[in-house]
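First the structure, in the form of structure tokens, and then the observations on it.
In order of appearance the chains are A, B, C and D, and numbering begins at 1 in each one.
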Amino acid sequence: MARYDFASDNVAGAMPEVIEAVARFNSGFTPGYGADAICARAADLIRGLLDTDAEVRFAASGTAANALTVAALAQPHEAVIAHRHSHLATDETGAPGFFGSGVGIIGLPGASGRIDPAALEAALAKPDEAHWQAPAALSLTNATEYGVLYSEAELTALITPARAKGLKAHLDGARMANAVAAGFDPRAPGRLGVEIMVLGGTKAGATPTEAIVLIDKSLGRRFGARLKHAGQLISKGRFLAAPWIGMLETGAWSARAAHANAMAARLAGAMPFALAHAVQANAVFVDMDEAALVRLRETGWFVYRFIDGSVRFMCSWATTAESVDELAAALRSIA
Amino acid sequence: MARYDFASDNVAGAMPEVIEAVARFNSGFTPGYGADAICARAADLIRGLLDTDAEVRFAASGTAANALTVAALAQPHEAVIAHRHSHLATDETGAPGFFGSGVGIIGLPGASGRIDPAALEAALAKPDEAHWQAPAALSLTNATEYGVLYSEAELTALITPARAKGLKAHLDGARMANAVAAGFDPRAPGRLGVEIMVLGGTKAGATPTEAIVLIDKSLGRRFGARLKHAGQLISKGRFLAAPWIGMLETGAWSARAAHANAMAARLAGAMPFALAHAVQANAVFVDMDEAALVRLRETGWFVYRFIDGSVRFMCSWATTAESVDELAAALRSIA
Amino acid sequence: MARYDFASDNVAGAMPEVIEAVARFNSGFTPGYGADAICARAADLIRGLLDTDAEVRFAASGTAANALTVAALAQPHEAVIAHRHSHLATDETGAPGFFGSGVGIIGLPGASGRIDPAALEAALAKPDEAHWQAPAALSLTNATEYGVLYSEAELTALITPARAKGLKAHLDGARMANAVAAGFDPRAPGRLGVEIMVLGGTKAGATPTEAIVLIDKSLGRRFGARLKHAGQLISKGRFLAAPWIGMLETGAWSARAAHANAMAARLAGAMPFALAHAVQANAVFVDMDEAALVRLRETGWFVYRFIDGSVRFMCSWATTAESVDELAAALRSIA
Amino acid sequence: MARYDFASDNVAGAMPEVIEAVARFNSGFTPGYGADAICARAADLIRGLLDTDAEVRFAASGTAANALTVAALAQPHEAVIAHRHSHLATDETGAPGFFGSGVGIIGLPGASGRIDPAALEAALAKPDEAHWQAPAALSLTNATEYGVLYSEAELTALITPARAKGLKAHLDGARMANAVAAGFDPRAPGRLGVEIMVLGGTKAGATPTEAIVLIDKSLGRRFGARLKHAGQLISKGRFLAAPWIGMLETGAWSARAAHANAMAARLAGAMPFALAHAVQANAVFVDMDEAALVRLRETGWFVYRFIDGSVRFMCSWATTAESVDELAAALRSIA
């Protein structure tokens, strides 16, 4: 059977600290729907990590967490600006439009998944007319789909002109652990006044859980109803909170992301194909023609060709140096 | 702090068989989004339990599982018939309308959460006009919100006239484990030709997971896209499947539901207040005035007053005979 | 063929002043989508009538005008309070849920279509929880579905407690012309601070047009996009505006409504059946058993049995005294 | 004030035959909501024109007619293929996503608004996965946004491979009158088995009305409820039907479109700027730099720059040879 180790960062299970915490917080009776002490403790830890007095809720999937928070920032006749290769724009089967009742996505270009400031400027300059969905929010992804980072200054350079036009800022942090492990300050979103951040648990190594961080607490009004209406108010809320306690109390959230990043660097160092994007987090993208990809898959390693045409290798908390070296050997054999 | 033991069947954690299975299936790499061998094995077990060749998918919440399957059976300008006290009608913060883009609910009366056949007949006789949302599906709940059972004959008596009018049948089985433990044949839905059944995992004692059973396999077309669009295609799908393996391979799914039912019977036997509904599954509803409920809460036991005005006590896999006896003593002290 | 004269107030064509205005404003070229001088002039006339500095837009149907303005006041996980027999609640095939992506309706009782203040008080006192759609707006209808009026004081008595709980006020004025002709001051909604009012054109005697009056002008932001998104930004906007000029410049809007009201009074005076509601506007509701209704229909007059079980006779600008007398004779013949 | 004569084909009023018919069918009482003899007669005339036994309904705007019919062909987690410059894709403020609860648009390239068959083939070859919205329908526009025609053979070449993949066919005929006047056989859509066609009234010279032609009559089930739910079941339905009687009984629908086409040809013949697209219907698109457009507007003529960068001049039933000559003179003066 094919080996999926590098196909994505969601092909791994959960890190030991998560499994331990799930078992630890399993006992006893608690109120349902997120009103329990375990959820409160996880929220405290997240507020501590981000150094912000946010309201914190949990959702069971990144698709839902991103789509429903976008819907909280833009009305159905409005749009959200996002990178045209962002997960929001390309890989959610239209979920933002579903949660947002037809809300639009304005996809902008930019190298390695970072929105080009000039493209943003042009989009913001477009007159506000009845015949198109004008933007109400700007969604940024850090680390990007291509495994590179926005610096805080780069985020500022995008958020500032957007805010001047009345847009709210949304941060998709599905791989924020990898960004933080690579040097991004987790307190930056709070300083930048990002209204909503989705903090990734699943890809960091949890069982299914994402944290919705409402840095603008006024958005928290009736948010429980918003979650329930959208099928995301999980009754046994403890199981979405416990993983965060396991990951944050121990520091494993960022420590294991640092490992994933190191595995990507190791793979990049041994890579016989040209890198398509800088390797700053846990992803390695390379230029590889179809014949080479077929040969690679014939060696048993399954990986995907991505939207931009390059081939993607993802590392995670579970990636081992041995598997990197095995893969590198296979790559050399078919290069 | 208040004791929530009897407040609901979702105030408990997960049964040991579930925690064990989550840990057991945690290792190794698998494809994402439900395309893995763990999901396939769980689906096989569910098909075996139900003795039907259904397509089986998983969702992270009962709200979502019920609302999105209802939306698969009725168009936005149509409605679903359900009991007027059903979870679908009263306790989902409008989720069916959200997932179904305004789909309507026609709430019918009937004792103890079972739809009255005469009320159904009247609803089905209403002419099909443009000025109201005519029904496209009939949703039934077994065990009902009030902890009583439909027999297979009673289900037949409702589904047959509905089908004659072109309606599809939907079965909310959030507490199907309790129904099965009480004697309901899990093969009945397949025999009855129910198009979609939601088989409850969470309330049975799992970490968050519900099984969507598409007995009408034609409804499975593009169902993965439907799930993803609605934020319910969990990337690490194994964590929604493993609990089912743990519960079904061991027989714990129904065995522990039998325990929950027995605890409800024990409580009913010791109950100093009049029963509001027959006790057939894991719920005990009693007539209790507000002053008595306040006194009960003052003893430390938190329970809810339900829609019909009675007070509800729920038992689960985690309920102990000792806690039932403690509660019964408290009840006697305030009766 | 059956005579529909009294079946509704939309079975009539348009009054001569409307047909004249449509023809008059037909010539020449104008910008599209409501940005023309004809729309501006109609909006001025409406602001004058209501004595309020509102933003005024037009829609092609009352269903759409009401449903999309409700959606502008309540989010999908919230609800709107309305009379349980209101058009919004009972006669829109779920349109509010469609335009509002699942927005809920909380239907309250009250005699003759006027919400009972005690019922409102109880609804407002319900705690704001995640498990139901809490109200964000109060929708009132004047004249009501049963042809009676709210006085300004009665509206105040409902809007004041609702506003104290943060709800916005919405006024369905499909039959406002009849209310004004019966003595209701058209300046009252502005004084009361109703956020949005739908001012009825069609039932008053126009070709299809309703005016959306945004008394809270902040709701006007991107309202053109909201209309277009919902299929209600008519390209040849002049044809939704011209009827208003025809009706308001001449005073026919209220004068012909006064005629309709007088016809209802004439019918009530000659009515051999007991009145079910006070006759204050253009409707007459009577108690009539099914056999009598069948006999009436056999005489050629088609009218509807309404939600409350009574039989409804509607008068309009086009109703003649002769037809009232003919109908009255038929009624006497079958009484 | 600027002259809008050529800004669009909706800046004109209604043709005399329409105004006459509106007045003619204004008298008397009729059932509401499209159940009247006037609607039946208009539907008969449309079926005669198209030589097909379709169900015919009416809507008040093209945006609504197209968006709600697309929603009848594709589910929310699916998409519709359309030309990337089609009205559906670019000029509806996201209405398809609103009516279709997030339904996607797959925008394909092709010269002059006609979908490139190779691009369609590539789109149809894309595997059907859960992670994107796979197509359920193909929407074609004739005449296209750029005023050129698909021949019946060209439509066949697109519909045949789409149908082989299970897609339904949708035809946006907002300017079908111009296409027919240019030689397109109105019986072609029926022969081709197009499931739904929207037949344009407004741009042809009517007051607001579009005909929804359900060539696949099975789609007509509960279509009245679908219209009402979406705010498009106009109570005084006669006013959406009468214009069609006026236009079709007299032949003015196509005769006046032939005039519009002739005016476009006259303008093209006198045009000092290079044509950007062939002139086959009522539109003239030219290459004109921004400075020239500014100069033209300074002469008082207001026209739009279109999505493809060219400048658009639209003719209609109301365009006069004199105004064409005046405009041509102005164009020569600034060329």
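Everything that follows uses one rule, which is that contacts are C-beta pairs under 8 Å (C-beta built on N, C-alpha and C of every residue); 3 or more make two chains touch, one makes a residue touch a chain.
All values reported here derive from a predicted model rather than from experimental measurement.
Looking at subunit A and subunit B, the chains in contact with each of them are C, D.
Chain pairs A-C and C-D differ in how many C-beta pairs are in contact, and the one with more is C-D.
We define each chain's centre as the mean of its Cα atoms; on that basis subunit A and subunit C are separated by 48 Å. Centroids of subunit B and subunit C (each the mean of its C-alpha atoms) stand 41 Å apart.
Subunit C and subunit D have Cα centroids separated by 32 Å.
Multi-chain contact residues of subunit D (touching two or more other chains): 76-77, 93-95, 98-99, 101-102, 130-133, 225, 228-230, 233. Within the complex formed with subunit D, the subunit A residues making contact are 76-77, 79, 90-91, 93-104, 130-133.
Of all residues in subunit B, only 3-5, 7-8, 10-14, 19, 22-23, 25-32, 59-65, 67-68, 92-95, 98-99, 101, 202, 207-208, 225, 228-236, 238-240, 318 touch subunit A in the complex they form. Interface of subunit A with subunit C (complex): residues 33, 75-78, 101-102, 128-134, 222, 224-230, 233.
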